[in-house]
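Here come two complexes built around subunit A, the first alongside subunit B, the second alongside subunit C.
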Partner chain A sequence: MYVYLMRRLFTMIASLLAISVLVFVIIQLPPGDFVTAYITELESQGEMVSEEKIAFLRRQYGLDRSPVEQYVDWILGILQGDFGYSFEYNLPVTEVVGDRVLLSIVVNAATILFIYVVSFPLGVYAATHQYTWGDYGLSFLGFLGLATPNFLLALVLLYLANLWFGTSIGGLMDPLYIDQPWSLSKALSVLEHLWVPVLVIGTAGTAGMIRRLRANLLDELNKQYVVTAKAKGMAPRRLLVKYPLRMALNPFIADIGNLLPQVVSGAVIVSAVMSLPTTGPVLLAALQSQDIYLAGSFLLLLAVLTVFGMFVSDLLLAALDPRIRLTSRGRR
Partner chain B sequence: MTDLLRVENLGVAFGLHTGETPALRDVSFRVRGGSTMALVGESGSGKSTVARAIMGLLPGNGRIVSGRILLSDTETGFDWAAGDSHLKHLARIHRPGLDGTLDLTTLDPDGPAMRSIRGGHVAMIFQDPMTSLSPLHTVGNQITDVLDLHTDLPRREHRPVISAMLELVGFADPARALDLYPFELSGGMRQRAMIAMSLIAAPGLLIADEPTSALDVTVQAQILKLIRDLQARLGMAVMLITHDLGVVAHMADEVVVLYRGEVMESGPVSDIYRRPGHPYLRALFRALPRLSTDRTARLVPLREVRSQTAHLLADKEPWPAGADDAGPLLRINDIHKTFTAKKGGPFGGPKATKRAVNGVSLEIRRGDSLGLVGESGCGKTTIGKIIMRAITPESGSIRFNDRGRIVEMLSLNAKAMIPYRRRIQYIFQDPSSALDPRMTVFALIAEPLKIHGIGDKAFRIEMVKELMTLVGLDQRFMNRYPHSFSGGQKQRIGIARALALKPDLVMCDEPVSALDVVVQAQVLNLLKDLQHALGLTYLFVSHNMAVVRYMCNRIAVMCMGRVVEEGPTERVFEHPVHPYTRALLAAVPDPDGDGDWLAGGGAAPNGGPSDPEAWPAPYAVDDDGVAWMRDLGGEHRVLVGSDAAFPEIAA
Partner chain C sequence: MSDSRPLEHHVSRAPFAPEDDHVLTADQERLYAASQWTMMWWRFRRHRLAVASGAVLLAMYLGILVSEPLAPYNLHSRNVDFIHAPPQTVHLFHDGVFVGPFVYGLDYRLNMTSLKREYTPDPTKVQPLRFLCRGDPYVFWGLIPMDRHLVCPAEGGTLFLLGTDRLGRDMLSRLIYGARISLTVGLLGIAISFVLGLTLGGISGYFGGWIDNVIQRLIEIMRSLPELPLWMALSAAVPINWDPVAVYFCITVILGLLDWPGLARAVRSKLLALKEEDYCTAAEMMGAKPSRVIGHHLLPNFMSHLIASLTLSVPTMILGETALSFLGLGLRPPVTSWGVLLSEAQNIEAVVLYPWLMTPVASVIVTVLAFNFLGDGLRDAADPYHHH
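What follows is the complex of A and B.
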């Protein structure tokens, strides 16, 4: 087990390093850099920029050095907790991101929780009541959830929330609390606003998860070991929970790793539409203006989330499935 | 003895798209307490449906339409002698009884009354021990369920009881076995665990649905012996479902023969075997290859396939005179192949290796039929694949006699190999998965011709027609798809395909093991006829000793990647020398055998006859040890590991 854990941690760090290189390369790929973008913007406002100033800016931002040097600087900084400097905001990246990361995590965690809590019982119901009206109804709702564009759902729900509950449009809290220190009422306001984005972002994931769980469980229900358990005289419900459901959980857990990036990337557009103070919109802007350290740190953060999600799901799988746990120990 | 179970006029029907199809019609029989009843029939005859109906486990679209299933209460004699110190735990098992006689058809299949019968009064074990246990729960955990459901034994007393039961079914270290997962056990041990699970609540009736057909012959003997010993000890009745008439002869007191959902015949085994009354049963007996009857006597299938050769197939180039002097058709020499299990990662342990083929030498003369026998994992299929060049061995040579010219096949590259692929063809084990379901029979049979660019369209149609006649298929079926054929017909399509290129050598890899007895006889006869008509040479890979005896004039016995004995069929069967060969032969249940087949061997669950280190001198060979074939005269050779004298060889 320890060998497995060590190996897993090792590959995790290796893949994060590889991802950081990739992220950096991709950000550098478009022609020009932040200064070019900045100058274009200034020129479009009718300002003239001298060659010296451009060179000065380049030097100041460290853009005159080779990409390898820039990368090494950036990575070494991150290891010391310094994520670099955002050109756009003229602030350290950590300060720009600050609260947004926390709120992002709150929204995403709530969404994943929502997906699991809703899809699990519904998936089990659909599988155990195959080809009944309940099953058909759930399938229909599921397809509807998969097919509806998120931003449309977001607009509709925002309107309804405002109409019925008087919730303020957009954002994750009442405008009153923005930039205020955290308090109980601020947290409550967040909760009041949270359900709309969670519902919007989670719908597609929930629908997909219901379909997957239903298919997995149906497969398991026809397996021989289920007949064996029936032949023991087990009651249907207890049997379902102890044997096939336990097996059907495997893909459910393996999905955590897939779900995290899906939810996070899906959140970008929705966040933009709903003007949520999460990381999505900032990432979008940073990519557009080639604010390398800000964008890079963001992307790396997403990568960490994904890789970590995979790690957690692998550990859970190993805990749940003896075949994974014991064969990795190196039998024979 | 009283009737424990009485089935009266049972009818079961399955709902399909087209309406209800009857699966069982008017089935009646009885099982007496403490006795063994065998339910015999081919696949699709409704054997398993009977079992499922009794257990209340019919699939969703199945329904009992008529009849009664009457179960009476039984006292099973869990009488534990004081000597069995561990086993006395089993005496604590107490299961509530049954009030008088119950009609199981009147109970709700999922209701509490039926559930207490299922697993408590009537228990069941299944064919495939690989899939019938949950892979995620320990053996002990799965057995605990039964104690929970059917006894009032408190949880904390479960472990010693389960451990005693596991000891009883032959686990050497039952306390450890309790915490093992099924995938950590071999097939035979899983089936033992399954038996322990089914018997822990002391059922009056054990239904065993093909309990050994997924296991090797030597393991089959062990498991059947175990069931019979336990029956004597626990006093339960056994309903044994099987297609193997040999097993029935040695296990059962009474037999019920099922054919297409109807009972053809029933009665005591001895009567029925001596005087089979019904034509179906008589046909079944005549279709069975045996170990003790005349080897050359032709099997009689229910319906004989008439094979005809015509001009295209007949004009095969004759062998030039003297070509056979150059050597046998195929000679493989000292082949070694090791498989390595991948262990990834920078911290992975040492690589696990397995010697699949360990210095095998064989020769197949033209016109011969060489039988390669052994249990699963012995390397016989690997040999076949090596000859086909699907696997490359580490060392050794394969020399093919191409009409007088000897060709070293292992030195040929993929392109140079192509002409020789035409000379060697393959017939596969599972006819269903060997045929592409999206291709018509014509496309399937003509494909080899197409690949090798032989003939034009008209020629191919003519050839396919001829091949279909050859294997006894109606030419009009040419445009049908494989799914509309039965297993035997599919295998004949596979045979036609293998013969399309007019090969010299045909490798048959367990060609009949997926087929029923009656169909098996048909296909075996066809293969024999074709060998004579077309001058074929066979390498016949099989685990079935009786089939090999019927088909082959020479046989080679393999065990753990080595050939342990080879020689002419008569000699090897009549004077087997190697302990493994003897164990294999002893493990085959012969329907004619009068002696107690299960009396010898069988008990050892570990090691046993297939462990080379457990063989007595001079046969003992350790894994890396040197071993050679010692000539016994008359082309009969046996593997030895030392020069020590043979112990006396039973004549």
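What follows is the complex of A and C.
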């Protein structure tokens, strides 16, 4: 277990480093930088910008040095908790990020939980009742769920809520609590509003997981040991829970590796559509205005969130299944 | 021995032909003589939903070849008197008399209390549709100036089957033109991802060793990244002032650039299994180069699987483009894709008043569903020798 943990930790750190380089390259890609954009804006307002001021701005933001130096600066700062400065908000990035990362984690975790809690019983039902109306119904819903892009689902839900109730279901808490310090009632309000985005983001994942669990379980149910146990008169429920379900459960849980990036991706666009106070809308705005540090921080945070989530789930899985921790690289 | 007395046991008097046991019925003959691709076709044909989806997609792709005559209006034709006009329904009978397909003309009134534009069908204005008629002039395929349309409104009338947008442009026509971009983005993106996945997966699986290790780590990292935020970041990096065509190509490259790891992984695992086969060793012994062994002997083995899995990843691309354009990071007007059309529906208040702005949602879902069903059918058919 210890060896496995160390190896896994090492790959995670290597991944994070590679990701940070990638993120840095991406945010450097657009031609020009913030200062050029800022200066064009000033000039369009009729303000004259002197060469000296440009040079000063560049020096202040460290834009006059080589990319490698800028990267090292950036990554060292992040390790010390300094994510740089948001040009757009005129605030340190950490202050803009604030609660949003926490809320993002809450939304993502709730969605993952929702997917597992819903798809598990439904998947088992579909497999044990193969070719019944219930199974067909679930398959149909699954196909529809997979084919409906989540941001369009969000849009349709917003539209219907507006049409039927005349209210907006956007947001993640009662407007009362926005910008208020955290309290129990605020947390409760978040919980109350959480189900809509969770439902929207989780639909596709749930549909996929139901299909997967159904296929896994059906594979197991058709094996000979099940027939033997049945022939020996084992009670059906006990038979199901004791052997095939356990076997089918492992790939089901291991699939979090595919699920997590998908959920994080979905959350970004759904929260942009539903204007949730999570990372999505700010990332979008930052990308549009080329607010480099802000966009980079959010991108990095999202990637770290995903990679770390996968790390944790891998450890849990290894604790659950000795085959994983004992073979050097067994999985996928 | 006497000739007249029959033997004690039964002997068949029919002429003896040892091959008789092996004679095949016509059906079996057909089955054994069939090539792999024929068998796949037979198998695919049994999958009704997949065949229907394939037909729908084929019709859509043929449709984008002839968008101009297919659409009743041009992409940018504005009807300034009909802003946010609701969809008109086609009728056949007027006052119980058969007139052929026609629409009722719209009467416009500004509701002074809600300041909403209100259009009501006027039962006295019968506007029969015209077919193969002269309408907005266009340049077919950018070469031939023409003005024929499949269907046009009556002279001086209107024909908005899906309503109009905030500039009075016909939604149906824009949807038909938008399909051009939305449907091809997926194909181009998939082509890029196909080449990348095949090359990297092929190298990784065939050569193994350190290069395999490097590529595998790369794939692991790429798969652990959330796709959409990266797409967003990359397309935000595309300069706004570029030519629309260049932006379109950039977006397809971006979509294809992040999608290859799944494919590369599949190619690698297949190659790893197949390169141990005897025929592969034989080819190597005879001095075949790696590219020939891979391309000539190994690839055809799992080409059908690749095609099936490619079909299943086209919808991801289409949705990616739709999402990006919807957010304003992908394609921008005047380029028109379904995502660009949908970005007009971002304002939920406008959508509640003019729900027909949401029609692109339906076309996106139909396309994605069709690709999914087609891919499922292809995947089942990809291995015709395998029986459940």
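In this text, the second predicted complex is superposed on the first by the 287 of 332 C-alpha atoms of A that agree within 3 Å, B and C clash if a C-alpha of one lies under 4 Å from a C-alpha of the other, contacts with A are read in each partner's own complex, and residues count from 1 in each chain.
Heads up, the rule we're going with is that a residue touches a chain if its C-beta (ideal position, glycine included) is under 8 Å from a C-beta of that chain, and two chains touch if they have at least 3 such contacts.
Please read all numbers here as calculations on a predicted model, not as lab measurements.
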Please indicate which partner A:269 is in contact with in the superposed arrangement: first for subunit B, second for subunit C, both, or neither. second
Should A:254 be classified as contacting the first partner (subunit B), the second (subunit C), both, or neither? neither
May I ask you to decide whether A:106 touches subunit B, subunit C, both, or neither, giving the answer as first, second, both or neither? neither
Figure out whether A:215 sits in contact with subunit B (first) or subunit C (second), or with both, or with neither. neither
Touch check for A:18: first (subunit B), second (subunit C), both, or neither? second
Residue contacts with subunit A in the superposition, subunit B compared against subunit C: C
After superposition on the shared chain, which partner residues are touched by A:10: those of subunit B (first), subunit C (second), both, or neither? first
Report, in rising order, the residues of subunit A that make contact with subunit B in one complex and with subunit C in the other. 11
Subunit B-facing residues of subunit A, complex: 3, 6-7, 10-11, 223-225, 227-236, 242-243, 246-247, 320-323, 326-327, 330-332
Any idea which subunit C residues touch subunit A in the complex? 217, 220-221, 223-230, 232-234, 236-237, 239, 315, 319, 322-323, 326-329, 342, 345-346, 348-349, 351-352, 355, 358, 361, 364-365, 368-369, 372-373
State the interface residues of subunit A toward subunit C in the complex, per the touch definition above. 11, 14-15, 18-19, 22-23, 26-27, 29-31, 143-144, 146-149, 151-152, 155-156, 158-159, 162-163, 168, 257-258, 260-262, 264-266, 268-269, 272-273, 283-284, 287-288, 290, 295, 298-299, 302-303, 306-307, 310
Subunit A-facing residues of subunit B, complex: 55, 57, 110, 112, 115-120, 123-124, 126, 128, 131-138, 145-146, 149-150, 181, 183-184, 194, 197-198, 341, 343, 345-349, 352
